[in-house]
Amino acid sequence: MNKTFQRIFAKAKSENKSCFVGFVTGMDPDYESSKQILIELSKYCSVLEIGVSFNTSTSDSSIIMSANDRAIKSGAKTEKIFQLIKDVKREITSDTAFVTMGYLNQIHVYGIERYIEDCKKSGVDGCIVVDSNNEAPEDDQIFKELTKNNMAFIKLIAPTNDSNYIKQSLKKCSSWVYIVSYAGVTGSKDVNLNNVKKLSKMIRKQSKIPIGVGFGIKSLDDVKKASKLADLVVCGSSIVEKIKEGSQNGLDSKNLAQFVGQYVKQLSEGVKH
Amino acid sequence: MNKTFQRIFAKAKSENKSCFVGFVTGMDPDYESSKQILIELSKYCSVLEIGVSFNTSTSDSSIIMSANDRAIKSGAKTEKIFQLIKDVKREITSDTAFVTMGYLNQIHVYGIERYIEDCKKSGVDGCIVVDSNNEAPEDDQIFKELTKNNMAFIKLIAPTNDSNYIKQSLKKCSSWVYIVSYAGVTGSKDVNLNNVKKLSKMIRKQSKIPIGVGFGIKSLDDVKKASKLADLVVCGSSIVEKIKEGSQNGLDSKNLAQFVGQYVKQLSEGVKH
Amino acid sequence: MKIPPFKEHNPPDNLGYWTNKKTGEKYGGQYISPLLIPNLKKVETGFKKAMKNKKFLADLEEQLVNHIGIVTPILRSKELEEIAGGEKKVGKIFLKRTDLHHDSSHKPVSAFSSVFFAKHILKAKKIITETGASMNARAVASACAKLNLSVEVHIGALDAEKVSLNKDITELYGADIKVCHDSTKSLLPAMAAALRSWQSDPTAMYVVGSVCGPHPYPLMVRTFASIIGRIAKKQMKDLIGKSPSTVFAVCGGGSNLSAISYPFYNEKSVDIFGIESAGKGIASGAHAATITSKAPIGILLGARSNVLMDADGQVDPSETEASGLDFSGTGPEICYMASTGRIKFRATTDKEAQETFLMMCKKTGILPAIEACYVIHAALKEIKKRKNPKENHLIHLCGSGESNVARMLKYKKDNE
Amino acid sequence: MKIPPFKEHNPPDNLGYWTNKKTGEKYGGQYISPLLIPNLKKVETGFKKAMKNKKFLADLEEQLVNHIGIVTPILRSKELEEIAGGEKKVGKIFLKRTDLHHDSSHKPVSAFSSVFFAKHILKAKKIITETGASMNARAVASACAKLNLSVEVHIGALDAEKVSLNKDITELYGADIKVCHDSTKSLLPAMAAALRSWQSDPTAMYVVGSVCGPHPYPLMVRTFASIIGRIAKKQMKDLIGKSPSTVFAVCGGGSNLSAISYPFYNEKSVDIFGIESAGKGIASGAHAATITSKAPIGILLGARSNVLMDADGQVDPSETEASGLDFSGTGPEICYMASTGRIKFRATTDKEAQETFLMMCKKTGILPAIEACYVIHAALKEIKKRKNPKENHLIHLCGSGESNVARMLKYKKDNE
């Protein structure tokens, strides 16, 4: 297990809570605001999941795609996201884990080895690659590089995946596994805890790996319920919506960070057991 | 030969001239104007050819079709045309021959027998039926009825017709035959006197029937030249154009008749040899 | 596929008349100004020659097969059988898919044949035709482009103003479009204008878009078009071992009706139906149902036939949603066949046709020409009435509806 | 006609990859969120079952023959031979006329097959697809209407605003049109939206309009579509006693190219050409010529293949007059065939295609889809260059141009 995650899980355990994971698209709505938001969010989040924008992503909701658009318009590039993470890490003191979330094309174009090296250099602790198929040669290579660098490879598992698929995924999954609570797109429905229970059971049969839950978590109540079932609770779309709201209202980067931070703060309180 | 034409031809011969044939669409632009026009024209025309409008005629130029439209709009019907001719004849003193010109559908719908009876009653001396095919049973019937009533059946012959067709036509043609000076539509080209010469020669081989010429005669000069070759000179489109011009200028029926009359008067002077 | 050769089994007399022996009524003939007589004689002689010219007929057939794509399938439509009550109640329904032809209707068959004839037999340099924004001019212009003849298309000013896919395609094929401002500014005066133009240019050939006009056009067009029926008859034989019980086709001028039904004229067991447009309803007077409304005999555009007209013989304009049916007459042979009862007539209103259009799109995945919807509606009605599970019904799906899409989508939205 | 059965002779590996043995480069695969994996596995297993299910294959073929009208003619075009320099210099030119299909392009073959598969093998109740106002959605919607499945069509907001005959017809067929406001509001985000929608509804089936997308789509679509080539190959054999010297097809996603050329892959004597849209010129950057412009390998919409993209991996929008070619990628098997040199690539500019469109209308009487004009132009150029009177050239005329008429008539008038 990645060292940062090891510490984070230990700390959470000691505090009798789950870990709160906050997702934002890197450089949404721009570099400086995104930096301030991440700095602010690091106070409330055990894990920061940072989206690397792809303009032709196949699994993002319209909410995330709009965030991607905003980020790309403000100049988001893979390199810049690494820069952003470095800048943020330089300014924070909390022991927060950083995870990149993106699509394979970006990584492939950047070069898998180089991507993971640069992750490492920027202080990234793990990667989510939404469309990296377990059986693809690229997936093997990513797994190899991440493992070599002691970083987490976080795999998504959906309620429609069969046990064979889960087994396959878990083979390469490290630090934690991400359960998608329903078959749909992020932000489109309410979190489905029955699915989570069922999937957790299947996973637990094979592994003790910490379990994260995402998709549809957007209220304090959602967080509370989810944290009863999972080690990590991921909240994305609703944070991204806040960023959009605040920036549309013309807030400058500091105020925007405050505005989003307040929202995340109250959400994150739900992870206490 | 019809009696009126007999007299007219005799008179023309004695005066050393051809006969001037003036064409108007009956009831163009309306009943009263048309009546006045015909009365006025009777002073200058040996023959008045009166068009019975058909809204789907296949051989009229746009000029004549517009006249047909005006006439139909003002209520032209076969019956009314007969009424018009009767009214005109009541008011004139000149020995003018009257000929109807039209399409078979009107006559067929009216009834061939009835049509020719009503022609007779109205003082019509002959008929032109543009689309009555020599070989059609209707053509035989029209020929029979006209002959019985001593009226002229005036057949058209075109430069493209062969000698066999001419022979067929002349069999039923009486009083005079109408040479079309070119293969085209009325008013579209200039009169073609070479065609007239050629056709006259072919006709003369078979018959002594008087010859009329039409299509493209629109100036005094045209009339002069045509009258050297033919016993009758037919002028249509250019008279119809005058009617249109005068009525568009708002002339009342008397003034319109004068206006058209003056034009026809000067044209008609060309028939002197 | 070996296409059965043409056999004449309903010839007109020498003058181009079909005579009803019971009533003595004549249909057809050649009522036209002497100026056009030579042109028509040339076509008449040429056509007789052509029908005996084996090379001409073989070359034409080759082009019809490979360019027009005349061997279109016959589709058994279980969807329509369902709608009519199920195969077990009403028998089988087959669609002859001439919508799949080049230029998307039955029209290209006679249009291409006529132009091919004009080029190779008459040695004409130019083609003259008319359109009411329907399929004919497009098909003629296409044939002229391929056969390298110039083409002049007469269109009424009112029709020219309307947005029309067929007209635009006609232009792309290189046709010289002549706008006619005469009379009603619609199809009839445009036809007259085309005839007049031919009268001025005897080296051109006039092409008629249906089985109408003076002799020999009605004979020639149905003879050329009947290859559709010859193929269909053979296909039905292959499919069901015999001829169908019924044949249904829409009837504007009558070309697609004679195209498919001509080869069945002598088979008494085959009921033939011609379907007209009842427009807003026969009683309203706004329709194109010459036969169904019992229009009297008149002489229209060179032929003796039933004609929509008033008591004085002025031709009444037809009214219908389908530009291809918007014609005040019907071809003389068809009128004759109607008078003998060999072809039975029905009429469908515009509204019924429009609903059928939407139904066809949604239930069969076929975008029919609006013209074809008149026949489909009437056929389903008749098939339901016959209620005979042993029967096989053949419907002529005579065109595809690309040019109807804009109006029909508006209709759909207005009626939702 | 007895249609030769399908034979697999260029299979991908189990994971859906075609691997270039020289370079080691892989094409294809299944790069997609875990949420879609089960859906894809279902399609994969279903497709394997379907290809062994004789009744399914026979029923499908019957419908393709009688409903889609798949046995279209091959037309020898002497007009195009003339233009290329005459038969005596350049040999014979043949056109495979899939423009005569139901719904006027090659697309309905794979679209209908996919929907038929979804209904009978997967027992799906709903179909999801996308469109850029091209032929695919129309064909899918038609199949769904006939087969009584509901259908959801995703379209970019910008494309939805444009007047489009294909879109209107798609609506008449009863499709539920979902407008996508994401990203560039064009085809790519609409495809992503379709995939997301499928992710939410695993009882639906996603239909891809070309040989693109994650495994097994590229394999499945080309397998279904290849019936076009199987028929064409047999027809050529009947016509000239052998296979053609060349096969030309346009390449957007690559479906019509693989459709016609797949059965010739193993015949070394047959030169195969894929033609892309060079848009305003390759150098301008405004084009859709993935292969010709030597676009790098990327992972687009679930598959590894050549992709128009910037240095950071953002996909570049393609630009072309032809909505059917307006795609930033190319199907993986095609990319593979390009990498081995088995398929040679050429590109035609929009301007050249537009001029070819006008030429085809005026010289051949055929209204081609603008997409087909890219291949015709390039084929004529290549044929002139080869200058071999013994050759027989086969060009895939993959669609009819009704939906291009408005823009092309404007182009014609603007350039007169």
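By letter and in written order, the chains are A, B, C and D; residue numbering begins at 1 in each of them.
As a working rule, a contact is a pair of C-beta atoms (placed from the backbone, for glycine too) under 8 Å apart; a residue touches a chain by one contact, two chains touch by 3 or more.
The shown structure was predicted, so the numbers you read here are calculated from the model rather than taken from an experiment.
S.K.: So if I look at the partners of chain B and the partners of chain D, which chains show up in both lists?
M.R.: Looking at chain D and chain B together, the chains touching each of them are C.
S.K.: Using mean C-alpha positions as chain centres, tell me how far chain B is from chain C in Å, no decimals.
M.R.: Spacing between the chain centres: roughly 38 Å.
S.K.: What's the distance between the Cα centroids of chain C and chain D, rounded to whole Å?
M.R.: 35
S.K.: From the C-alpha centre of chain A to that of chain B, how far is it in Å?
M.R.: Roughly 97 Å separates the two chain centres.
S.K.: If you average the Cα atoms of chain A and of chain C to get two centres, how far apart are those centres in Å?
M.R.: 67
S.K.: Identify all positions of chain D at which a residue touches two or more other chains, and write them in rising order.
M.R.: In chain D, nothing touches at least two other chains.
S.K.: Would you give the residues of chain A that are in contact with at least 2 other chains, written as numbers and ranges?
M.R.: Not one residue of chain A touches more than one other chain, so the list is empty.
S.K.: By the touch definition up top, name every chain pair that qualifies.
M.R.: Between chains, contact exists in these pairs: A-D, B-C, C-D.
S.K.: If you look only at chain A, which of its residues touch chain D in the complex?
M.R.: 53-62, 65-66, 68-69, 72, 77-79, 103-106, 108-110, 130-133, 135-138, 155-158, 160-162, 165, 169, 180, 183-185, 188
S.K.: If you look only at chain C, which of its residues touch chain B in the complex?
M.R.: 15, 26, 29-39, 181-184, 188-189, 192, 195-196, 199-200, 202, 296-302, 307, 309, 311-315, 328
S.K.: How about chain D: which of its residues touch chain C in the complex?
M.R.: Within the complex, chain D touches chain C at residues 65-67, 69, 71-76, 79, 97, 99-104, 141-148, 165, 168-169, 171-174, 358, 361-367, 400, 402, 405-406, 408-409, 412.
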